[in-house]
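Some structures to go through are shown next.
You will see chain A twice below: alongside chain B first, and alongside chain C after that.
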Partner chain A sequence: MLNILVYGAVTSAVYAMLAVGFTLIFGVARVLNLAHGAFYGLGAYSCYLLTGRLGWPLLPAALVAVLFVAAFGVAMERFLVRPLRHSALAVLMITIAVGLLFEQAMYLLFGSEARNVPAFSNATWSYAGLDVSGQRLLTLGFGIVIIGLLWLFINRTRLGSAILALSQDREGALYMGIPADRIYAVVMAISAAIAAAAGVLTAPFLTVQPTMDLLPMIKAFSIVIVGGLGSIPGSILAALLLGYSETIVAYAVSPAWTEIVSLVAVLLTLILRPAGLLGKRAAF
Partner chain B sequence: MRLALLEVADLVVHYGKALALDGVSLSVAAGELVAVLGPNGAGKSTLLKAISRAVPSAGHIVFDGRPLDDMAPHLVVAAGICHCPEGRHLFAELTVRKNLELGAYLRRDKAAIARDLEHVHALFPVLRARGAQQAATLSGGEQQMVAIGRALMGRPKLLLLDEPSVGIAHRLKIAIFAAIRQIREAGTAILLVEQDARSALGVASRAYLLEHGQIVREGLSEAFIRDDRVRRVYLGV
Partner chain C sequence: MRSRPWIFVPLVLAALAALPVIVKSEYLLGILSVCFIYGIWAASWDFMSGLTGRENFGHALFIGAGAYTSAFLNARFALNPWWGLPAGAAMAVLLALVIGFPTLRLRGPYFALAMLAAATIMQRLTLIFWQYSGGEEGIPGLDPLLNSKIGIYYLCLAALVLTTAALLLLARSHGGLLLRGIRGDEAACQAAGIDVTFYKIAALVVSAACAGMGGVLYAHYQEAVTPDVFSVALSISIIIMVYVGGIGTIYGPAVGAILLALLPELLRGLGQYRLWAYSVVLIFILFFAPGGLVAPLWRRAVGLAR
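After this line comes the complex of A and B, so read on.
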């Protein structure tokens, strides 16, 4: 029981970190960013490069990795997405291209073998027959803090109001003098940074490989469909739902069955409630 | 002659191949209330959008001595033109208060913003009580008040008002026109687009008649009220 409770929470936190950024950039800029998994992978690989190849200590490496991916997201928005914004299909294609480019670049630079990223904590936490790595608990803690900070940012700051305004009525926001392009860049930076943070945090206990972007991409996508595209509360709710369902299935049936869970959830959602659990509601 | 606050010359707007504005010229002096009348599809909203730089156009727009032609939309707001659009475009899930605050997005003068919020509340007292309510839960007339108040929060020199009374209960319509008169009396110039020609001519000093993207009449409101064609088509007498 305790196993399910703790491992489910860790998985949910990772999923929420992946999904909020993905849903945010869709809700605000109407960009379905299929390179979102690449942000996650790029976070992990940047951290690997800095610690494993250049010998940096973990903390500065992690920070620089997250900032680098945020800058990468902004550059992608500015130079690849913005010129194509008139066509949703072209934007979709370019994000897929960036995702594939990530995989090829990592393959060429670092090969196909799995890479190690050091953990912030190598301790193990034991309680009532349950063993959890300190890194997993840290991931859970960071996940909660990051999402809490995002909530504060969106609801308590001037830039946050601009994000809300743009997600609810673009033309209205235009007449308020809200510079849409600048806000899109901010949102892209936030979205990329949170995904990269998830990559850095989970890299020690998951595999760092060129194809590592795919599974998180599928998860983020599933969560956002279940929660409702563009809805942050929806994606947090769906992250909890999927995180716990998968953990329960892993314990009750077999870990081999976990990947089926999100696909079933997506199918059920699309059939029963196509707008998602909290469909149409914008950010927070 | 006094230099106009807004001077529009030979404005042309296309939507794809369709011509929406075909060489429109008009002017608004500082503090003046000017009405633009015309049937549905004449290009009235397009005219206001072009002034806000929300749609691309050819021709010239000069505001307060500065050309707007190549200006980004948010700089137009900063220059002092606030647009209360057709259909209101409120931030439906945000509170009334937050909607009003967003109207002052580009301003940093906290004390003056607080004073302007007081002015808006004085103009539309119902908004004070509704402050914590989601904008979408208000009646159409109240939402229109939020939209006008939000535009005023930008502290405009020129207010663009697009069909502020469309689909609104009679009582609220009267309140809205009374507010429009008060806004003008406080010194803000207004370019008012309206289907209800009678109400518009009641508050405007001058008017333009727009049909098929062209100005076909212009003059003082009193002359408009006496104009046979305007009377027949737009005043229904």
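After this line comes the complex of A and C, so read on.
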């Protein structure tokens, strides 16, 4: 019981970190970023490169990795997405090309075998028959803090209001003199940084492989569809829902069936409530 | 030649049909057979997504469904591989209905995302339920559809020509016009009393059936299936082939697929960098030739001749 509670929370935190960035960039810039998984993978790989190959201590390596991925996201937005913004399909294709390039680049640079990234904490917590690694608890804690900070940033700062304004009414925001292109870059940086942070935090207990970007991204947009495209509270709620359902299915049935949970959730959502749990606009 | 550029089509087909008489290399014929199968996949992707503008990021779902269904029937129940063609197509159609019904009645990116998710999850499932699906190794030791490589070459060529011709006819028909209309302005089509959801799902079903049959051909050509038939890399390779060919033209993607599939084989050593090269090609096309390469060149040739 306690197992389900704690492991479900950790899974949900990771999913939420991925889904929030994905839904943010969609909600604000209308960019369906299929390179989002690449941000996550790039975070883990940069951390591996800095710690494993260059021998940096973990903390600066993690920070540099997150900043690097944020810069990568901004560069992608500026040079690849922005020139193609006139066509939604072209944007979709360019993001998928970036995802593919990431995978292939990691194959060429680091090979296909799994890599190790050191953990912030190697301690194991035992309580009432429950064993959790410190790194998982840290991931949970960081996830909550990061999402809390994002929440404060969007709701309490000027820049955050500009982001909200753009997501609610692009034209209206433009008339108010909000520099849309600059805001898109900021949002891309935030979204990439959160995904990279998730990559750095989970790398010690998940596998770091060139194909690691795909499944988390599938989970991220399953969550985003269930929660409602563009709704941050929705994606947090859906992350909890999916994280816990997967954990419960893993314990009650078999870990093999967890992959089906997100697909069933997506199809059910689209049949019953296409706008998602907290989606504002009807998707019809 | 100046007056009728279409004369090229039977000429090229005749050249392809005569190839096994001139070239005795089974290796080359095998490569071309796979290229033709890619052509079927690209043309069928284009029929749904190119015409209606609803991008399908998981075409591999239908390919894998066809391939695995046929492999199951052949390996577990020792069924004649020819039965795999209708069975594989039926399974692909079933999946198309399951995914298409909830997602295609909606606007927005739901269909694209659901297809990508479904294909990826199917690939994971083939690994997780390895007792039934053979896991990473897949299902080996399938019977080939025909015993001679030359026979398979002709089979794949015929399948490509027939599906492309059929899809072209459908695309030129009234229904195809409606599909293009949906791409142009879905709301206007709806307002004109057209059941857009029905047409989109019908197009997906046709596309899935062709892709599933292509998957069956592929499985029995390889005499094995592996989880790679569900891979995102395959889905995206097909989309890139369509882009190179010229989206929405059907014959363009078929030709583009053959060319792109042939490219890594011609440039030896490129095989390892295949996806890398494809994604660079895709970025190039998006920025510099949004209409693709094959179809615009063909149109220009036709236009000049006129």
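Convention: the second predicted complex is superposed on the first by the 280 of 284 C-alpha atoms of A that agree within 3 Å, B and C clash if a C-alpha of one lies under 4 Å from a C-alpha of the other, contacts with A are read in each partner's own complex, and residues count from 1 in each chain.
To be clear about the criterion, contacts are C-beta pairs under 8 Å (C-beta built on N, C-alpha and C of every residue); 3 or more make two chains touch, one makes a residue touch a chain.
Everything quoted here is computed from the prediction, not taken from an experiment.
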Checklist entry - After lining up the shared chain so the two structures overlap, which partner does A:L100 touch, if you call chain B first and chain C second: first, second, both or neither? => result second
Next on the checklist: Quick check for you: in the superposed arrangement, does A:A114 touch first (chain B), second (chain C), both or neither?
Outcome noted: neither
Next on the checklist: For A:F221 in the superposed arrangement: first (chain B), second (chain C), both or neither?
Outcome noted: second
Next on the checklist: Applying the document's definition of touching, compare chain B and chain C: which contacts more of chain A?
Outcome noted: C
Next on the checklist: Let me test your reading of the model: by the given contact rule, A:L5 touches which partner, first (chain B), second (chain C), both or neither?
Outcome noted: neither
Item to check | Residues of chain A contacting chain B in one complex and chain C in the other | outcome: none
Next on the checklist: Give the list of chain A residues in touch with chain C in this complex.
Outcome noted: 32, 34, 80, 83-84, 87, 89-90, 92-94, 96-97, 100-101, 103-105, 108, 214-215, 218, 221-222, 225, 229, 256, 259-260, 262-263, 266-267, 270-271, 274, 283-284
Checklist entry - chain A touches which residues of chain C in the complex? => result 53, 55, 57, 98-99, 101-103, 105-110, 112-114, 116-118, 120-121, 124-125, 128-129, 232-233, 236, 239, 243, 273, 275-276, 278-280, 282-283, 286-287, 290
Checklist entry - Can you list the residues on chain A that touch chain B in the complex? => result 158, 161-162, 164-165, 168-169, 171-179, 281-282
Next on the checklist: Quick check on the complex: what are the chain B residues that touch chain A?
Outcome noted: 52, 54, 72-78, 82-85, 88-94, 98, 101-103, 105-106, 150-151, 154
